[in-house]
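Structures follow.
There are two complexes below, and they share chain A, which is joined by chain B in the first and by chain C in the second.
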Partner chain A sequence: MTFSVEAVDVTKRFGASVAVDGVSVQVQEGSIYGLVGANGAGKTTLLRLVIGMLQPDGGEVRLFGERLPRDAAALRQQVQYVAPDMELFRTFTVQEMLRYTGLLYEHFDAERCDRLLDVLQVSRTRRVRHLSTGMKMQMRLAMALSTRPQLLVLDEPATGLDPVVKRQFLQLILQEAAGYGTAVIMATHQLEDVERLVDHVAFMYQGRIVKAGDLEALRGSICKLQVVLPQGLPSWLEDSPHLLHTHHSGQLYTLVLQDIADAAARLREVGATYVETVSMDLDEVFQYVMEKEGYVRNGILLS
Partner chain B sequence: MAKGLLAPGDKLPSVRELSMDLTLNHNTVAKAYQELEREGVIEVLRGRGTFVAEHPSPGNLQQRYEQLRRDLRRLAVEALHLQLTDPQVLEMLRDILADIHSGKGDAV
Partner chain C sequence: MASYFPKALWYKEWRHHRGKALLAFCAFALVPVGRVLVLWTGLLTTNGGTAAMVNRGLFWKSFTTSLTSFQVGRGESVSAVVVVLMAAILASNERTQGTLLTALSMPVRRDDWLRTKFLFGIGVILASYTILALWQTGVNFFNPHPVALAAVCNWWVMMFIVNGAIFSVAFFAGVCVTGIFWTVIATVGVLGFPVWLNLLIVTGTTGAPYFSSPWVSLAASYVERLSPVLAGTSLRDPTWVWYLALIPLGYLAAKGVFMRIKTEDLDRFLTLSSLKYWLQGGISVVVGSYFAEMARGQQEYVNAPPAAELGWFWGAFVIGSVLVWLVVYAIWQTIGRRQSRTAPS
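Let's look at the complex of A and B:
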């Protein structure tokens, strides 16, 4: 099977620091892939490697089954990148910016573009430098979707969007994936969006993917339990890679476990008198996975 | 359906429509529909759409009884924490059931 995006063991260094460290990613046609991670984890660098804006120091990226060489003009016709820091011509009007895009992309669909500008209510006559952050993001998305891309790469797509526009934005992305088979990779900190939109997710930390997979499977592999353990934490759990987090007051333990089948039953075997599964949102799952990786920030009291 | 807002034979939105409406991944919605179809709660008529089944049969009855029992147990513990007596708890449950039967109040 051919993936829309296949990154194999990709590494990128900037001087002495390794921004992306042996990362592999596969995105299928019509799939929405969420990339989440700590600040500075390498998400943006990975996205830029995927679109060929950066060249990897190791490994390779294939788009639609073809290797991404330096002069991949034909491949780039099918790829769109939407990011808040993507350069625009500040003195152009919106109309001029779109005409320019139309000249660059052979599949540019002027009718689609008009409809997008109408629904997103972006004024055609305004100058780009007079647009707000959110309005610029809307224009970028309109530009991107007008070229009928096969791959949509989004970096913090919800930046600057109010809740009403954000919903519209997310609907367009869903429609593009489900209706046209466009593959979508999206890096974001908005975990509630990830939870709703994506089918696959990867957690990044310090340049590596520390956990990845089908969203449902990933959620199913991590559970939070409240357990009464009169004999304390069983020895097989101490220092175990399965144990993401533990906290106890007296005999009541809160445990966050990963990749253990029938965790409740196994805990009863070692004397647990009470086991209750506590539900977690993706935000919490992310925090526990990061905590296991050693990423913790403490609160401070400022005087 | 549980709330009586949907009747047998009612048409449900398509996976596409519902996915847009809820801004949820369309695979998630499709999986939910598949599950409901397998449990016989909804029927998919090819080319016509998705409908509430004529005789919706709640699936995995045993599991759901057990879940209900666990939920009730949790609520009973909460009631004991509030120092309600057994007759008070039963009275409350009777009131709620009476409300539901008489059509008063939301079925949550």
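Let's look at the complex of A and C:
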């Protein structure tokens, strides 16, 4: 199978610090891949490695089955990267930005861009420096979608967007992936966006992917249980890598476990008198995975 | 984007820099056009008579001289400053503003980006001087003793070549360092190097610049004229070939550096880490030569023989350069250690 993006064991260092450490990612055509992590986790660096803006110090990146050359400009005809921190030409008007984009991309659809700008209510006569962050993001997304990209790389795409525009924005991304088979990689802190959009998710911490997989499978692999354990926590669980979180009040334990099949039955076998599965949203799953990595303890950032 | 002249990048340059290009043209035109305006206003105020004749005579003399014995480093020096600033803005601005990163996330090849900027700058210089050569030809039409058309052509070609060479050197400097200020400083350093070398040769071989032997002076003057700032005035002087060659050489050197810069280093003070050794060497020998000249001056003051003067000169040069090299090396090391301590984990 040919993936739109295939990064294998990619590493990137900036001086002494390792920004991305042996990361592997595969994104299929038409799928939406979410990258979630704390600030400084290496998400932006990974996205820039994927589109060939940065050169990896180790590993390999393939786009549409081709190994990224040192100058990947030709491949980027089929790629769009949208990020709030990417500087635009401040003195250009929106119309001039459109003209520039139209000259740059072979498959630029000016009519589609006009329609999208109308929907998003971005004025063509305004100068880029007079646009708010949200307006800039809308303009960038309209331009990006008008080039009919095969790969859409989004870094914090909801930055500066109000809830109504954000909903429109996410809807457009979904349409693009479903209707045109565009592969999407999206780095974000907004876990509700991830839950709404993505089919694969990866949690990043300190340059590494600490948990990744199909969104539903990932949710299924982690469970939160409320258990009454008269004999206390069984020894096989105490230092187990499967135990993400534990909290107890007397004999009532709250356990978050990962990758254990039939956990409830196993706990009953060791004397649990009461076992209840508690549902979790992705936010909680993320929090417990990060906690296991040492990032969060009781809501306080440690690093 | 496979074209040698990518439309999108040309559109961007034109849209970004058309105002600056017009300003540059006005600066280039300051002397040739200003001279005529001064005469015109002079004629209006003198209202005919002897004063007008004197004004007119002075004007045509100045006009003829400007076409036959000009020098970039003298009357037209404003053009040299303008081309250096233009190169600095073209090579450096997008890197400091971060828009180059955006361009590199799009289907823009690095060499296309650099070539477009270089050709845009060279194009502004060529177009400006072509218009000004036509202006000079038109003014010359009214000259009672007209200058030969060949002299106007000579002026046109020399002004383009010399300013093009200065632009090219500044463009190269602008790729090596980041920021307009540092680009100007680096350009002055590169353009001043042959002048410094000339002084070093003359002083270091004869003990005093004003007692140098004719052969040494001749050799040193050729070294000095490697800098386009001290370009000759005529195409009969073969050094114009060197200035002409500097235009593509400067671009090729800039391209060689630019293609090696890591994306994350595009806005660093020195874009390639290896450039710090050149900077270190440059600072060392320049400061070393200052010590050498001080030592030689001291010997001259006590009427020491020329051999002793030379001995002190070269001794102080070598020791001074090595000491400065070590000091700069220690500073680099300290900065490097501090940076690695403060680097994010």
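The rule we apply is simple: the second predicted complex is superposed on the first by the 296 of 303 C-alpha atoms of A that agree within 3 Å, B and C clash if a C-alpha of one lies under 4 Å from a C-alpha of the other, contacts with A are read in each partner's own complex, and residues count from 1 in each chain.
Basically, a residue touches a chain if its C-beta (ideal position, glycine included) is under 8 Å from a C-beta of that chain, and two chains touch if they have at least 3 such contacts.
A quick note: this is a predicted structure, and the numbers were derived from the prediction, not measured.
Undergrad: Looking at A:105 after the superposition, I want to know if it touches chain B, chain C, both of them or none. Which is it: first, second, both, neither?
TA: second
Undergrad: Of the partners chain B and chain C, which touch A:89 in the superposed model: first, second, both, neither?
TA: So A:89 only meets chain C here.
Undergrad: When both complexes are superposed, which of chain B and chain C contacts more residues belonging to chain A?
TA: C
Undergrad: Please indicate which partner A:76 is in contact with in the superposed arrangement: first for chain B, second for chain C, both, or neither.
TA: Only chain C is touched by A:76; chain B is not.
Undergrad: Counting only touches as set out at the top, which of chain B and chain C does A:54 meet: first, second, both, neither?
TA: The second partner, chain C, only.
Undergrad: Is A:254 touching the first partner chain B, the second partner chain C, both, or neither of them?
TA: Touch partners of A:254: none, neither chain B nor chain C.
Undergrad: A:175 contacts which: chain B (first), chain C (second), both, neither?
TA: first
Undergrad: For A:221, decide between first (touching chain B), second (touching chain C), both and neither.
TA: After superposition on chain A, A:221 lies in contact with neither partner.
Undergrad: Where on chain C does chain A make contact in their complex?
TA: 1, 6-8, 11-12, 15-16, 97-99, 101-102, 104-112, 262-264, 339-340, 343-345
Undergrad: Note which residues of chain B are touching chain A in the complex, please.
TA: That would be residues 16, 19-20, 22-28, 31 of chain B.
Undergrad: Spell out the part of chain A that touches chain C in their complex, as residue ranges.
TA: Listed in rising order, the residues of chain A that touch chain C are 14-17, 40, 48, 51, 53-55, 71, 73-74, 76-77, 81, 83, 86-92, 96, 99-101, 103-105, 206, 303.
Undergrad: Show which residues of chain A lie in contact with chain B when the two form their complex.
TA: Residues in contact with chain B: 32, 167, 170-171, 174-175, 177-179, 196-199, 216.
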